[in-house]
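In what follows, structures are represented as structure tokens.
Consider the two complexes below, in which subunit A is the common component and subunit B and subunit C are the respective partners.
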Partner chain A sequence: MISHAPKIAGSVAAALLVLFPLVYSAGNYDFVMHLWITAFYYAILASSWALLAGYGGQFSFAHLAFMALGAYGAGILDNYVFLTSLPTGTCTEFGLLGTNIVFLPPAGTGDAGACLTAARATWPEGATVSRFPLLLQIAFGAIVGGGAGWLIGTLVLRLRAAYLALFTVGLSEILRAVLSAEIWLTRGQAGMPMSPLFPEGITILGTTYGPAAKLPAYYVMLALFFATLSLLLWVARSRIGLFLRSLREDEDAAEALGVDTVKWKRAVFVLTAAIAATAGAVQGHYVGLITPNTLVLLQMSLVIAMAVIGGLENLVAAAIGAILISFALEFLRTDFTILGLEVDMTTWRLVFFGLLLMLTLRFLRNGVIQGALMWIERRGVGAETVAKRRAAEEAK
Partner chain B sequence: MDHPGFFSLAILWMVLWGAIGGAVIHRAYLARDLDVTAARTVGVAVGAATGPFGLVPLYLRTPTLTRAWQALPWIGVVTVFLFAFRASDPDNVCFTSGTFVTSQLVNGLIMGTIYGLMALGLALIFSIIGIVSFSHGEFYMIGGMVVYYMTEVWAPGLGPIAAVIAACAVTFGIGAAFERAFFTPIYAGKVERPNEYAILVTFGLAFFLQYLVQGLSGANPVKASPFFELPRSEWPAGAPIIETTRSNIKLFDMISISTPRLTAAILSVVMLLALIWFLYNTWTGRALRATAQDRQAAAVAGINPGRMNMLAFGLGCMLAGLAGAVLVQAFSWLPQTGAIPALRAFVIIVLGGLGSLPGAFIGGLILGLVEAAGAGCVPDPTRAAAYLPAYGMIILTLVLLLRPQGLFGRKV
Partner chain C sequence: MITLDVKDIRKKFGNHQVLKGVSFRIEGPELVGLIGPNGAGKTTLTNVLDGAIKPDSGTIRLNGTRIDPLHPYEIARAGLGRTFQVTRAFRRMTVLENLYVPAMAMDASVNRKEMEEKANEILAFLTIDHLRNEYGRALSGGQQKLLELGRLLMLDPDVYILDEPFAGVHPSLMATIYKWIERVNGEGKAIILISHQMESIFTLCRRLLVLNFGDLIADGPPAEVKNDPAVIDAYLGVEEDMSGTGLLTQEASHA
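Take a look at the complex of A and B:
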């Protein structure tokens, strides 16, 4: 019988994740919370990349570019667009449903916010100025990312394997160059500041948490993680998942059998890009700063390593792999001295993961976590089947 | 730039008519039941170069698209682009100073030779094994690192040539060993999707090597001293045709070339000639080319394809290492140095046609010229430098959209 242990363990683990911030109370609370939030962020990226690469067979290296587009999309709204109750008269603005949407000139093109500051000085008491609503910012980020996904999905329709990989690597390098060079808009390498997830703090069940508190951010990221995983699993298990796998196995054969390859290829790009962009926007708000360095190839390598070591063709395994590896990366930071040589672990841990990635690909093609899950699930199934057959033969 | 608006309009005009041309001409040829293989590309070029004035006759006459038809409109596109650029930015140094332009041209060709050498390695690997190596940049970096350590730390007495040979040996060894350890399952048919497996596993190798080098040598940039230093001289004295200083050569008082780059280019050309000699005049070289042309026929003729795979991957990595080894004296070197050259090599092999060796070299020269033009002519110098990798990417995008088989490639 197929063991249900992994599924039961999964549900228990999900429940524990929900309870964790409430029961955990050690001194390094904030640090551990931060690790979990980062782990969820990577898990979202790795599992959505696993859908794109493992199911759709599209080995795109632009996943973090979509993430960055989402983050910068939200960041630009956060920094340059404000809602006011009174018209300023001097800024670029237009009225909508009783509020004014004010567009500030970007930082590099003059004194940012000067027109708003000047107008505020003349306003009567009680006039309000607020940032663009957070949810709309994140939604905008997701739309920007999804739109870019559509565009890239369209551009790479004719490209296979190596061409696709080359094209997407180059594309994310270009995006990084643009984000670093267009200082007037993005502030370049210095990074773009972003307001926290809950700028005024939030009260949950009578406890008030400040803007820097980790618990609300933890639940936001956890909710996003669960929502993403459910959506991805639903897609993977529906007919769409079959279409995607047919794309991966043989595009021409799939097309001959009536699968609209163009549509589904585009769709999987849009979906995974929008997910990555949402994660980027939320993470940007949580960290409070976005820089072009989130786009370096190392970050993409990490996401790929997580998905591959977890298991490319199993979204849950990819997510578990991401969580385990992002914790391992953090705990392997401590330098140590061996035989008089000081080992700089911030570098050597990455050497270790590179090696692990190569060895996993070479010897455990299904990934470590997925392999383990399959082994637990199917342990004894072979013997059981043999026994059943033998019993059936004897009964004859 | 004096008239940025005019320039944007001109580009928009070209893109618009190019897009229209690509769609309409393709349809015209399709409707008249003619050969459509080149119709789209020619339509784009004619549209971008001449707008409606060329498209309408082309649409009405639909001539047979010969090679001249495929090449000439592109020259027109470049000319129109240059005129638009000149009209919108008349004071640009690229139009006012002939000296500067010649200098940039020569430097572009010199860098292009070295780019070509590196891309040749990637093309060699692709032509034999059929995969694109994502660790190419790391072999470039390792080649440079070996030369740095040989000339500056381990054996300064041996001289740069010995160091370059050592770099070749190291990169060949790593490449060949990696191929034996990780690619054999592909040939045995044990990998479900060999292309993707190869991409990921070479990507893993890149990751591993980059941080291994960082762990061993530290994250600080290193700089090797130039291989050769010239005495200060003039020839003929008075009105010099060749004027040399320690690290610079000046020709006709206008073309300035830095010596490290020149020695790098000369070494590259020598190595390239050696490689061509090897490929065309030795049994092993012929066997390599035979395997690239037809694997099964080569195997029937008694060539061990497995051995050729190892040799091709080793040689390809060695060429990348060689490019790094000769360039380490011109730039400062970091464990991350390989990323941009690797990207460049990708652009070049796609431009030249995946797997085409002459294409890789000519693609290298083209990219060298384009980058020199980009670095020299784009107004705003800080932006020009930041966007240096982007020029190649624009070429890549255009090639992938318009002619995915590249300049010299077989149809994909």
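Take a look at the complex of A and C:
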């Protein structure tokens, strides 16, 4: 009998995650909530990358580039597009369904809000100005990311293994350079400010939370994490997961057996890119600032390492790996003294982390978490097989 | 009725004309052997037939429909399946999953239970049903050949192309492959068998196509082909040299 322990443990863990912000009350509440939100963010990235690389065999380094496209896509709408009840007359604008959509000129070409500010001064009381709706911003980010995923998926169709990795490294470095350089639009290294997830605050069950409160953001990111994981697991267990694994194993053989490898390769790029972009847009709104540094190669390596240490071919394991590592990296910041030497953990933690990665790759190719899960799940299988064989032999 | 109509297929790699206008026609449940020395163009022809390589010119019609402009997966779905010279089992997928891939690719809404039953029946036929939950990589070379044949049965095409199904296979498994070929052929499907094992070819096939340096130099019943002067000259050499060394000498003399 295959053990149900992982499923039960998963449900318990999910319930604990939902209850945690309500029961936790230590003084470092905000800090711990922040760690969890970051952990969920990384779990979304690592598990979606695991579908792309672990199932589809597409070892792409462009995952954070998609994330950044989502974040900047939403950020540009957040900064430059407003909805007003009256036309300004001076800004670029058009009316739609009784609302006026105003496009501000980007920051670099003059005072961004000048035309809107000037118009507002002349408007009667009661005229409203609001940011582009947050959900639509995030949806736009996801579409930009997914579109880029389609494009990259198409460009790398003929590239395999190392060439795919090199291509995507180059691509994400180009994107980073562009985001740094196009200061007029993105504000470059200074970063682009983004409004909070709940600019007006939010009231949940009678309690009002301010725009900077952690609890609502925690639940937003948790919900996104659960939704992502459910979607990914559904895909992985459907025939699409089967096709992805077959094309990972042998593209020509899969094709010869009737699998439209081009379609599924593109599809997995689009899906995982859109997920990364959504996570990027939400995280941007949560943090309140997006910078090109969020997609440096080190960050991408971190996501890859999380997925690899967790278990590349198991989406849940990759997510757990991401959560554990993002916490570990935080707690490894504490310096300590050994043999009279003071170890500065802010720099050394990455060394320990690298060591862990190397050991995992050498000894546990399936990852630490996945290895453990498989051990629990298959513990009884050996004994069961032996029993079956014996019974069969006795029957003879 | 199943028809495969190959007309004047030409393919050039660089300055090397690999196929110089190959034409043949298969009608009904034929069992055709495709032979020729190494480098004759057998595998290239297979790759052209299954769409992996596009011919420079010529047409291929399967059951009257042109398939040469199609993608390999479309050709597979249209009814032409093949195995590979070097086995290509999906190594990190279970044996059953290996079999599910073509079934689900053919029919997205395939009945899971029927698919499972069919897969298990095929594995039992191929004598590898005890390995159904093992990864492809856990199988021996011969068992992987059987797995490929099983996958092809799940695809269930009209024309089966088998590229060296006997290479490196233990005699005990050979019997299973023979049985498999009889079964497929008995179900009314056409088979093109590529092999260097003349014994098997002459035992199984009622018609031989002989390829030499990209030319189809003979097409007929084995007895006739065997005595064709062009074939003897190009490939078979003296009769007792028909297997192994004779071929190598032939190759060397052309090189």
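The definition used in the following text is that the second predicted complex is superposed on the first by the 389 of 396 C-alpha atoms of A that agree within 3 Å, B and C clash if a C-alpha of one lies under 4 Å from a C-alpha of the other, contacts with A are read in each partner's own complex, and residues count from 1 in each chain.
We take it that a residue touches a chain if its C-beta (ideal position, glycine included) is under 8 Å from a C-beta of that chain, and two chains touch if they have at least 3 such contacts.
On a predicted model such as this, the values are computed, not experimentally measured, just so you know.
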Per-residue contact with subunit A, leading partner among subunit C and subunit B: B
Which of subunit B and subunit C A:A253 touches, first, second, both or neither: second
Which superposed partner A:L242 touches (first subunit B, second subunit C, both, neither): second
Contacts of A:T261 with subunit B and subunit C, given as first, second, both or neither: second
First, second, both or neither for A:A223, with subunit B first and subunit C second: neither
Residues of subunit A that lie at the interface with subunit B and also at the interface with subunit C: 248
Residue numbers on subunit A that touch subunit B, as the complex places them: 53, 57, 59, 155, 158-163, 165-167, 169-171, 173-174, 177-178, 180-181, 248, 297-298, 301, 304-305, 308, 343-344, 347-348, 350-351, 353-355, 357-358, 361-362, 365
Sites on subunit A touched by subunit C in the complex: 239, 242-243, 245-246, 248-250, 252-262, 313
Interface residues, subunit B side, partner subunit A - complex: 126, 131-132, 134, 181-182, 185, 191-193, 195-197, 199-201, 203-212, 214-215, 219, 339-340, 343, 346-347, 350, 354, 382-383, 386-390, 392-393, 396-397, 400-401, 404, 412
Residues on subunit C engaged by subunit A in the complex (per definition of touch): 50, 52, 71-73, 76-77, 81-82, 84, 88-93, 97, 100-102, 104-106, 108, 136, 151-152, 155
